[in-house]
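You will see two complexes here that share subunit A, one where it goes with subunit B and one where it goes with subunit C.
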Partner chain A sequence: MMPVLEAKDMMVFYENAIAINNVSLGCHRGRITGIFGANSAGKSTLMYTISGIILDVKKKEKMRGGERITVLGKLIYEGKNIIYMEPSMRAREGIILCPERRRIFNESSVMENLRIGGILATRDQAKKTLDRVFTMFPALKNLKRREGGFLSGGEQQMLAISRALMAQPKVLLLDEPLLGLSPAIEEVLTDAIVEINREMGITILISEQYARSILPIIHYGYVLENGGAVLEGNSQELMDNPDVKSAYFGI
Partner chain B sequence: MDILIYGTVNSVTFALIALGFTLVYGVSRIPNFAHGSIYVLVGFLTYTFINDLNINYLLAVFISLIISSIIGLIIYRFILIRLRGLAASEIIASFAVGLIILEGLRLQGIGGFKGFIGPFYMLPTFIEGKISILGVFVNYQRLIIIGIGVVTILGMSIFTHYTKLGLSLRAIAQDEHAAMMLGVNSDRTAMISMAIGSALAGLAAVTILPLGNITPEMGYKVLIYALAICIIGGLGSWWGAVFASFLLGFSMKISTALFGAMWESVVLVGGIIFILLVKPSGLLGKQKEFEERV
Partner chain C sequence: MVDETRRKKRLDRSIKVRTEGLYAISSGAEMFYLILPRAALIVGLLALPLFLDMYWQKVLCAAGVYALLSLGFDFLAEYVGLVCLGGAFFIGTGGYISGLLNSYFGWSGLLCIPIATLGGAIFSTLVFIPALRLRGIYFAIISFMFPIFARDIITTLNIFGGTEGISALGTLPNVWTEIYLILLAVIIALFAIRRLVNEDIGLILRGIKDNDQAVKASGISITSYKIKAMFIASLLGSFGGAYLSHKYGWVGISLFAMDFSILPIAASVMGGMGSLAGPVLGAFALTPLSEALRGFGQLRVVIYCFILIGFIVYKPEGLLIYFQRKYHQFELWEKV
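And then the complex of A and B:
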């Protein structure tokens, strides 16, 4: 089966420093694909490249006369190469990124954050997703009028995922969703991610440093190191790999 | 009583002038220094439509508002889009556009164009006459200013909170990249904000200008008012701008009543300096970057 989203020989340079080195990976429809790696392994750059934000960063850097960013390779989505497609167009096509550090709209209330997320959705879709989101994260229900900036980290992450869901993703990119959260929240979020995948049928690409709770729920995963994919396999293969064991499980 | 009524009129006038500026800055972080010129240009356009082309008053206003939003679009699409994010260049470029418009209005002799010089240009008021409120005589036009001002402020806040377009403006204003991830096109949204901002400048022009003459020099004054209000209220902050307009509007009226008209500009500039010293991000402002920008 053809993957719905596939990166082929993707390379990203910041000036002469290589951030993504010849990465090829694929996300299959209806599956959870994981990307693991330490800090500076290139996870976030990869996410920005897939969602297209890097093109905007590149444009801004060029105007300012700053760093020269080069993006090479192919990104195939539903049979088309979208490596140079604008980020907002990619979102329209169904690739939605839920970014690292959440990037909640601080001055907007929870409800408004969700409504902004629903800009791409029709009225019916928005209403349906809203109900869904509130059953998935009951904690958000009582915070509807609270400003985004006054939420705790866990609540913000729930809101960020909900906001991304409001945009009706076909492929949901989750960039380090568990970063800096307590084990209790971690469990809520991992359950939610599984629910989004199994029940809503959304394809997920998830990147995480903290592999312990994510590794068991993925279908297939890649390990990044210094910008290159050094290892790949399904959930069990990765967990059985001695290097992964020592690096992520401390065994 | 005098001070209360005329202070309110003054404040709403300021709010009308500043709202367009603060909208554009809030959304696209572009300080639109051509704001004052668009204001004056709309005044002269409406004047020309009414007097030289004999177009019905309301229609003339309508057409010039459309033209002003198109000018806003053009300024963004062809000039500012190349400079997004470069604060100094944005100021220089938009101020240059403003200069071209204002000085162009004064230009004489090209194609029989006489130039708009001297105190001969006036717009008609919506309704003639005045009314006595609690013993103070007020022109109907001043009441209309208050009405339009309040409607605009409320209308814009409903627009930005409850429509998809307004929500995308708010999203881009807060976090550009996060908004892009959710499918908001940044350039298109900034362009729309410029169009709305220019139309607001035009709306301010057609409501306020009937109170006096139109001269190109007013463009600079309007720009300074808009800047002062935005700095005091906090750049890009919507309610900050409204709040600052009332603060400035009343303090200028009070100082005029107590000390005389020449103290108006002292209050204006003094207010800016005081705010910059005490709370550089403005009364309700949240970002501090503007210290480098203005």
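And then the complex of A and C:
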């Protein structure tokens, strides 16, 4: 079976430094694919490249006269190479990023945040997703009018995922969804991720350094190190790998 | 289309790497490499008036005042994070203090200018202290209002000569003193501020721009540092104002004109924000340009705008930063 989203020989340079070195990976329809790596492994750059945000960063850097960012390789989504497609167009095609550090709209209420996310959706879709989101995260239901900036870290992350869902993703990119959260919230979120994948049938690509809770739920995973994919395999294979064990589980 | 097989690589020239640190004094070539741009600026500025006629010498003097203001604007905006649109206020206070001293006490221009520089800076800083707690756009708005405020107080209360201004002030001894006073001031101010931002105080100021909460958390009072920075920037502006009043032999409300607040922004964008020397060069390029375009009447504003838009769209980094990169680095194609 062809992967729905596939990166081929992807390379990203920040000026002369290489951030993504020849990474090839595939994301199969209806599966959860994980990307693991320590800080500076290139996880965020990879997510930026797949979602297209890197093109925006590139332009801004160019305007400032700062680092030049070079993006090379292929990113194939439903048979088309989209590596130079604008991020907004990618979102229309169904690749939605839930960004690292949440990036919710601080001065808008929870409901407004969700409505901004749902601008691409039809009225029916939006209503359906809204119901689904509130059943998945009951905590949000009581906070509809609260401003985004006043939510706790966990609630903000729930909101960020919900907002991404409102855009009706075909492929959902989750960039470090467990960053800085307590174990209890982690559990809520991993359950939700499984539910999104299983019941809504959304393909998920998730990048995380905290592998302990994410590794068991993925179908296939890649381990990044210094910008290169050094290891890949399904969930069990990765968990059995002695290097992964020592690096991520401390065994 | 994007070439998939090669990409442009940018590397420092080897001589740039060699001139970092003590190794700079190891050979003549390295020292020459370091001194060349600085010497070119100093010699260029000092030699310029010798090749100009009377009219353009006058323009050069005005450009020098704008250069001081641009330097102050760039210092405040890029190193302290205060976008100050109140350049005209510094000019006005400096000019009026110098003019009043000259007309009431009859002190000579060369004595009034230093007193007015210091006095104007102290007065401007005191006036700005309440606004210093603000940041970003709020500070910009407030600082923009100060010159308008001062101008209206003078006209409505009819003090300091009201709309007429104070005329018949003592002028500077001769035209060469006029020119070289302002040029030397620009050069000294430029190198002094360049030095200042690399000292400890500059480190703290840049920290305030970056993240003022972290600076507070390090036990440093950010307001006191902002006051110091404001004082330095207003010194430059007040000197410019005091100088102008003795150059023209007249002070009036036109010293609070909006030009003094706006042109520094344009000069900074053109020369390169944060490079300090860039805004100075930008001012020396823009002022004569707006003079040369005077023949076009109102249309010159349009041409002027086009130049600015062109810079913002196509070279937002500014000229100096662009040339700096060309000087220090080279590019080559590399196979991926």
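Methods note: the second predicted complex is superposed on the first by the 251 of 251 C-alpha atoms of A that agree within 3 Å, B and C clash if a C-alpha of one lies under 4 Å from a C-alpha of the other, contacts with A are read in each partner's own complex, and residues count from 1 in each chain.
To be clear about the criterion, contacts are C-beta pairs under 8 Å (C-beta built on N, C-alpha and C of every residue); 3 or more make two chains touch, one makes a residue touch a chain.
Keep in mind that what you see is a predicted model, and the values were worked out from it rather than measured.
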item	value
Clash or fit, subunit B versus subunit C on superposed subunit A	clash
Partner chain in contact with A:51 - subunit B first, subunit C second, else both or neither	first
Which superposed partner A:112 touches (first subunit B, second subunit C, both, neither)	first
Partner chain(s) touched by A:88 [first = subunit B, second = subunit C, both, neither]	first
First, second, both or neither for A:16, with subunit B first and subunit C second	second
Touching partner for A:72 - first (subunit B), second (subunit C), both, neither	second
Touching partner for A:99 - first (subunit B), second (subunit C), both, neither	first
First, second, both or neither for A:63, with subunit B first and subunit C second	both
Subunit A residues touched - subunit C or subunit B, whichever exceeds	B
Offending stretch of subunit C which, after superposing on A, collides with subunit B (from 97-105, 133-141, 169-177 or 223-231)	133-141
Doubly contacted residues of subunit A, that is, touched by subunit B and again by subunit C	63-64
Touching residues (chain side subunit B, partner subunit A) in the complex	82-86, 161, 164, 167-168, 170-171, 174-186, 286
Sites on subunit C touched by subunit A in the complex	2, 4, 7-11, 316-318, 321-322, 325, 336
Contacting residues of subunit A [partner subunit C, same complex]	11, 13, 15-16, 63-65, 68, 70, 72-73, 84
Of subunit A, residues touching subunit B in the complex	51-53, 56-57, 60, 63-64, 86-89, 91-92, 96-99, 103-108, 112, 115-117, 119-120, 163-164, 166-167
